[in-house]
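The following pair of complexes shares a single chain, chain A, combined with chain B in the former and chain C in the latter.
Now for the complex of A and B:
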């Protein structure tokens, strides 16, 4: 199969992998800060609908639609973040899940704008392969810089022990808010790019299932580094396609593979600490 | 002597329960003070409130003349008040150096070179295990790391919550020796301890909390001989 043929068949899959990578990176930010926030699918939906409506109803240029698709979820994240960020663990997960449902039902009911359950049809396909690639590279670069900075150290500290982080002078609330809002912005960007790629969006694409899928990508890949979420996104996107030959058993085998990975590699596939253990022989480690 | 920290009418509640009931005390610059009392007397609650981790229901806290009653924890750290928490709160998945680096969060590790040297000089076991995981340290070494991490923040007042908890007597002696050395370097310390005898021997001034109220105060050595202390804490 030459390159043109490959792209004709798998082009959409590769671009979906790119937007999924953005989504996995968006949830990595909050996980890196020790927060189990699962509103990323909702933020993706807000970004997707904002950008698509601007393009379709206002004839806005693609760049403006993309920018709005980033800013709108970030603004909403600021508003819901103020009360929600105080929560932690399972309570934060429940609150963000509930927010996701509110967003989905809102889109469903704002029929005159969003098309309700029928979705939005005929979104111009403006997203090019290089838009997705550029977005992934820029987000990766930005997160890499954040990780190496004082903010990254603050995230590590908050994830390790919030009280200890506070006592060392970390402004825990502000840092958590930054992670939450930046995560929402990245998820919104993924949604905006995706909307202009798939021609059609509907509220069901941004519900509970998608939220869990995004979380699975990051956890499966590993949250110990930036490579993890990318790897996880790759596996979750490609695995169902790779198993297509199994016909009806495809989803079952897909699930079994995921369960096995989580069981045997609890820190995710990309675990720098495990790689270090492999590289340093046991005797040397004890010396 | 000048007052570094003045606490006036401090009240802290857990819901409807008053854990600390309007206590007053003053910490003098350069001194070691000890806040002692039985389990549940309100000692740790007082420290958490001073660090801003618990809201104050009433009273006022002044640090070098500035009202810091309503400041957030990170703002209190920025003023120079740093706490070594109960249970140490070491980040076990990070290395010893990374933990110390976290202590220097506000200034950055480069600006805290002198502090790093001083900490490693004070606690030689940390130097030997600088690049090892903090989770592999013994209890005593973890306490050293917790104190060292707090020193990396360049504090002016160090609050210590039960530094001797769960440690062997020899290790406790070592920790207390280090605290004395830190104080000789000019740092003001407030020590919260259940180990009443050791704490009052070390401190120039002691405060005794009972059921959230200040029961006694005075020079550490004098308190050790106080009949009420002998009866309540030191086995008559």
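Now for the complex of A and C:
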């Protein structure tokens, strides 16, 4: 099979992998700061609807729609973040989950704008393959730089122990807010790109199940490094496709594989600490 | 009409509460948000349906069969997935991801076996009798749901408060490590908790499928979200809270359908939840847990 043929069949899958990678990176950012926030699917939806509506109703150029798809969720994240960031652990997860549901139901009911349950149909397919690639590369670069910076070390400190971090002079609230808002912006970008790729969006795509899927991608891949979320996104996107031959039992086997990965690699697939153990002989590791 | 809405809300709330009891039990004792709880709920519903259709047995046998089937599913998940993860000392989000995997397996397994369509109990399975109390219609099913839910909650509370077993469970909820040092067989109690929680989920599954007369593979996913809402409202891991939270959500939903419109039912429920989390993160009925530095 030549390349053109491959792209005709699997092009969409590869591009979906790209947007999923963006989503996994967006939740990785909040996880890296010790926050379990699961509103990423909702932010993705906000970005998708903002961009798609601008393109369709106002005839805005793609660049403008994309920018709006990034800024809008970020703005909403600022508003939501102010009260929500105080919550910790499971409570933050639940509050963001509840927020996600409110967003979904809102989109569902704002029918005159969003088309309600029928979704938005006929979004122009502006997204090119290199848009997605560029977005993934830029986000990766940015996150890589952040990790190595003072902010990244502050994130690590907060994840390790919030109280200790604040005692050492880390501005916990601001850092958490930055992670939350940047995560929302990345998710919005993924949504905007995806909307101009799939021709059609509906509120169901941005619900609880998508939120859980995004979280699964990041955790499965491993949150110890940037490669983890990308790897996780790849597995979650490609696996159902690769199992197509199993027909009815496809998704069931998909679940079995998920459980097996989690059972045997509880730190995620990409685990730098494990690689180090492999490279360094046991005796040296004890010294 | 208000009285009728009251009965509807009570029976809906009781189902939510019943579902949430198992959910909160697992969270309280094992410390896991069990995203597979909706799937065992679905297993219970299908088990009851099969008992009624293929074995021609009466409804009360079907209900017991549902609890057994769901309980076994929960026990299997604990033995095959959660126990190995505990042994490996997996980080705290990992068991939750594993329960997502088990939910995918069960939901899609049901879809492969029974098809994606909606199945119904044959006509006459559900008793049609209804009581008229002061102009309010209370069906036998409503009554059964309400009585069973409160009975289960009372039994659970009694076990937790008054028995050696319950004391051991509460010790584990406090600290599994300390409980182990005190000579409690922590692993066995984790297993029993998973089994009991799943059996409660299975019971809720039959009752809701009788109530709405619809059984489909993904029926657990909607109520899972509701269950999460309920245990937040009631305070995570709190048994009475789960009951109160369930009733609260039932009333919020039924009243918002009656007075605001059915479109906004979920928005009202989750909007309320969101507000409560901002104002009282420990839940409406929960206690504040001081974080130890």
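The rule is simple: the second predicted complex is superposed on the first by the 287 of 287 C-alpha atoms of A that agree within 3 Å, B and C clash if a C-alpha of one lies under 4 Å from a C-alpha of the other, contacts with A are read in each partner's own complex, and residues count from 1 in each chain.
Simple rule for what comes next: a contact is a pair of C-beta atoms (placed from the backbone, for glycine too) under 8 Å apart; a residue touches a chain by one contact, two chains touch by 3 or more.
It should be emphasised that the depicted structure is a prediction, and the values quoted were computed from it without experimental measurement.
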item	value
Fit or clash between chain C and chain B when superposed on chain A	fit
Partner chain(s) touched by A:153 [first = chain B, second = chain C, both, neither]	first
Which superposed partner A:208 touches (first chain B, second chain C, both, neither)	second
Partner chain(s) touched by A:255 [first = chain B, second = chain C, both, neither]	second
More chain A residues in contact - chain B or chain C	C
Angle at the Cα centre of chain A, taken between the Cα centres of chain B and chain C once the superposition is applied, in steps of 10 degrees	80
Which superposed partner A:163 touches (first chain B, second chain C, both, neither)	both
Contacts of A:97 with chain B and chain C, given as first, second, both or neither	second
Distance of closest approach, chain C and chain B, by C-alpha atoms in Å	7
Set of chain A residues, in rising order, touched by both chain B and chain C	161, 163-164
List of chain B residues in touch with chain A within their complex	51-53, 72-74, 77-78, 82-83, 85, 89-94, 98, 101-103, 105-106, 108, 149-150, 153
For the chain C and chain A complex, residues of the former touching the latter	33, 35, 81, 84-85, 88-91, 93-94, 97-98, 100-105, 108-109, 111-112, 221, 224-225, 228-229, 232, 236, 263-264, 266-267, 270-271, 273-274, 277-278, 281-282, 291, 293
Complex interface listing, chain A residues touching chain C	36, 83-84, 86-88, 90-91, 93-95, 97-99, 101-102, 105-106, 108-109, 161, 163-164, 208-209, 212, 215-216, 219-220, 248-252, 254-256, 258-259, 262-263, 266-267
Interface residues, chain A side, partner chain B - complex	150, 153-154, 156-157, 160-161, 163-173, 273
